[in-house]
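Before I ask anything, let me first share the structure, which is written out below as structure tokens.
The chains carry the letters A, B, C and D, assigned in the order they are written, with residues numbered from 1 in each.
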Amino acid sequence: MALVDHTGMKDEEKDTGRIEAFSDGVFAIAITLLALELKIPHSVEGGEEGLVRALVNQWPSYLSFITSFCTILIMWGNHHEVFRFVRRTNTGFMLANGFLLMLVTVVPFTTALISDYLNKAGAVVACAVYGGVFVLISIAYNLLWYAAVKDRSLLRSGVPEQTIRKFTRNYRIGFPLYLLATAAAFVSPFYTIGICTALWVFWAFTMRREGSEATPSKLG
Amino acid sequence: MALVDHTGMKDEEKDTGRIEAFSDGVFAIAITLLALELKIPHSVEGGEEGLVRALVNQWPSYLSFITSFCTILIMWGNHHEVFRFVRRTNTGFMLANGFLLMLVTVVPFTTALISDYLNKAGAVVACAVYGGVFVLISIAYNLLWYAAVKDRSLLRSGVPEQTIRKFTRNYRIGFPLYLLATAAAFVSPFYTIGICTALWVFWAFTMRREGSEATPSKLG
Amino acid sequence: MALVDHTGMKDEEKDTGRIEAFSDGVFAIAITLLALELKIPHSVEGGEEGLVRALVNQWPSYLSFITSFCTILIMWGNHHEVFRFVRRTNTGFMLANGFLLMLVTVVPFTTALISDYLNKAGAVVACAVYGGVFVLISIAYNLLWYAAVKDRSLLRSGVPEQTIRKFTRNYRIGFPLYLLATAAAFVSPFYTIGICTALWVFWAFTMRREGSEATPSKLG
Amino acid sequence: MALVDHTGMKDEEKDTGRIEAFSDGVFAIAITLLALELKIPHSVEGGEEGLVRALVNQWPSYLSFITSFCTILIMWGNHHEVFRFVRRTNTGFMLANGFLLMLVTVVPFTTALISDYLNKAGAVVACAVYGGVFVLISIAYNLLWYAAVKDRSLLRSGVPEQTIRKFTRNYRIGFPLYLLATAAAFVSPFYTIGICTALWVFWAFTMRREGSEATPSKLG
């Protein structure tokens, strides 16, 4: 009894706090491990110029590193947004979050895959796998958001329906767009990376602003 | 004296806080390092189809990755549950927690082992080692829980005996089940993975609900 | 409405809190991964003395490890300083922070590069790349600081103009000095490392003191 | 002015908080990376028995992993103890902490070194290097503690002189003992590991109790 009276709300906050901290840890580690895919050119011939050539030839590594880094960063921001509205968790929410984190840890693998195969045979498959994991991640986000809003009791009080509907719409558009990016691999692998790049650029410059707008005016 | 008066309880909370944060860090890193075991197929022949075949042939990697990821996630949840009841630590509790963390960091190694040996000679030994580490982890959990409840002074006030007995029962069943999973390797390596999968699925869908039940009704 | 009234300021603090925690995670992981570049000498001949020689021959690894470790640590301290003044974020600030973190995760790669090439052909290019990333990082810091102070609404109240101008000056000098370190590679690769070392030593012994001075007297 | 009045003490706490969190991150990552040194035996002959033999032959890996894991865990506990007494930082304290963290990240490297060389020529040098890093770490702890207590203004109020002297004595004994462990390598490499093991076992079972004693009775 004392436990409930004394720490009822505190427990809930602590719960979300540890899940956020754990998730942040996984995001931070996954995003930092991306750089491990940048390989040092070994036994280069031709001295200084040889090293320049070897480094320049690794351009698929840099391209895939930047694309994945920025995409994971945006996803972390999204994750952050979801948790801003949530004050409690349940089984469905925890499972969706676990599914999401599992997929995020796979991104360094798919990044290494396109980094290796982008300029050789296998590029189509590599890019389709790369895009496919983002499709799964967008599904995981929708499951997470659905678990959060389905039963309004997980949300903080006072979140207006309008804001929820807006975020529901925003999360839904990720799925078809990443599906398009995946399908585009079969036309040209660069289309996949181009669409993924366009997506993080778009979200980087819009999402945050929407959040800010939402807070003072929409909730006012 | 001032230290005790001024920060007595705060110190205790901070103590648990840093141990939780450190443990969360270890769990988060171990779970993310699992994905490093997913290897990029190198020097694949046969172009796009060759890469598809090479990726598909790595199915033991994916299977062991998913099994280990979900199991560590459940274990993290368990760890979280234990700490919800604890407000102080002592030597025994710290040692049990250290033993647990050491074993958790070993899981990426045993995962890589089954990932390498699942479809070749050595699968029995690899799966027995994999299951064996989970047996040790279940022992570590029982030691941790025993250290927490043996001397009731480590617990928050107001935790009913009924709840403690319930959790004691729950932690005890892990040991024989993982022992079974380990022994099953000598029948078929897939039995080990099958039992481990069944366990995390079962716990994912039940544990949390029990926790929720416990909080409002059992403690009410 | 309740959300704004109830958690208005708390939300803001939490916002910065999670960004700091995430950034700290990336800094901590990047700084720890540096040590992965220290390689074990394999198949050494000549017994005990052979191992001593092999370890001594790896001196470029140790030199680059120490330089990079200390530089990242100073950068983390800088990051910390910026966030001491900030209580809210906006798009520009988030993008600058993301750009900064991306570059920080690249430092283990450039460190491995100079570690491999410092005593062979390629040293000039390796050191120029190493210095070049620090040039980009100093740009990222200036962008971050500019985003923070441009619109004074991101800052905590009561930060005097004088302090802001002082920090603006401090962040600006990093750029030309790292540019010099990069250019110096073309004279001698050791100049790059020497200048980078001089910089972290200088900042380690001055920056903190300035911060302390600033707090009681300048803001008093 | 508002900044000082409003957040004077809070800033200080936040300062220590981020340094603790960053340090915890480095400790957690370093301790988890130790397990990366456990290698999967590749291309083993002799089927199941061959894998058993190959795994058993890796016993130096397991021994060095356990020794290093437990030693880092004890060091983390020590670090924690120091910060319990500290409420502010200065340049010297930050530098000592940075030096300590740098050495902690090196432990996975020295662990891999003894893991590779323990049962072949090179064991003496490997163990001397392994012990030598712990000697440096014990120096770092003494510097950290000295920086903390030299100027009593870094400490929380109300810490009795008696407690400070006790901790000063405790930190001092690490240095000669690790020096002994290092020198012992030249007699037998196993002496180094034996002494290191004896040390963490001793500290695990005593340190914490002393802390507990200190809190209620010594400070009462």
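The criterion applied here is as follows: a residue touches a chain if its C-beta (ideal position, glycine included) is under 8 Å from a C-beta of that chain, and two chains touch if they have at least 3 such contacts.
None of the values given here were measured: they were computed from a predicted structure.
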Following contacts chain by chain, what is the lowest number of steps it takes to reach chain D starting at chain A?
2
Give the rotation angle, in degrees and rounded to the nearest 5, that superposes the C-alpha atoms of chain A onto those of its identical copy chain C.
90
Measuring centre to centre, with centres taken as mean CA positions, what chain is farthest from chain D?
A
Looking at chain C with chain D, do both copies bring the same residues to the contact (over half shared) or different ones?
different
Just give me the whole-number Å value for how far the CA centre of chain A lies from that of chain B.
25
So, in whole Å, the Cα centroid of chain B is separated from that of chain C by 35
Touching at least 2 other chains, the residues of chain B are 21, 25, 29, 33
Touching pairs among all chains present in the structure:
A-B, A-C, B-D, C-D
List the residues on chain D that touch chain B in their complex, please.
20-21, 24-25, 27-29, 31-36, 38, 40, 42, 44, 47-48, 50-52, 55, 66, 69-70, 73, 76-77, 80, 84, 156-159, 204-205, 208-209, 212, 215-216, 219-220
Within the complex, chain C is touched by chain D residues 1-4, 6-7, 11, 14-15, 18, 21-22, 25-26, 29-30, 33, 90-91, 94-95, 98, 101-102, 105-106, 108-109, 112-113, 116-117, 121-122, 124-126, 129
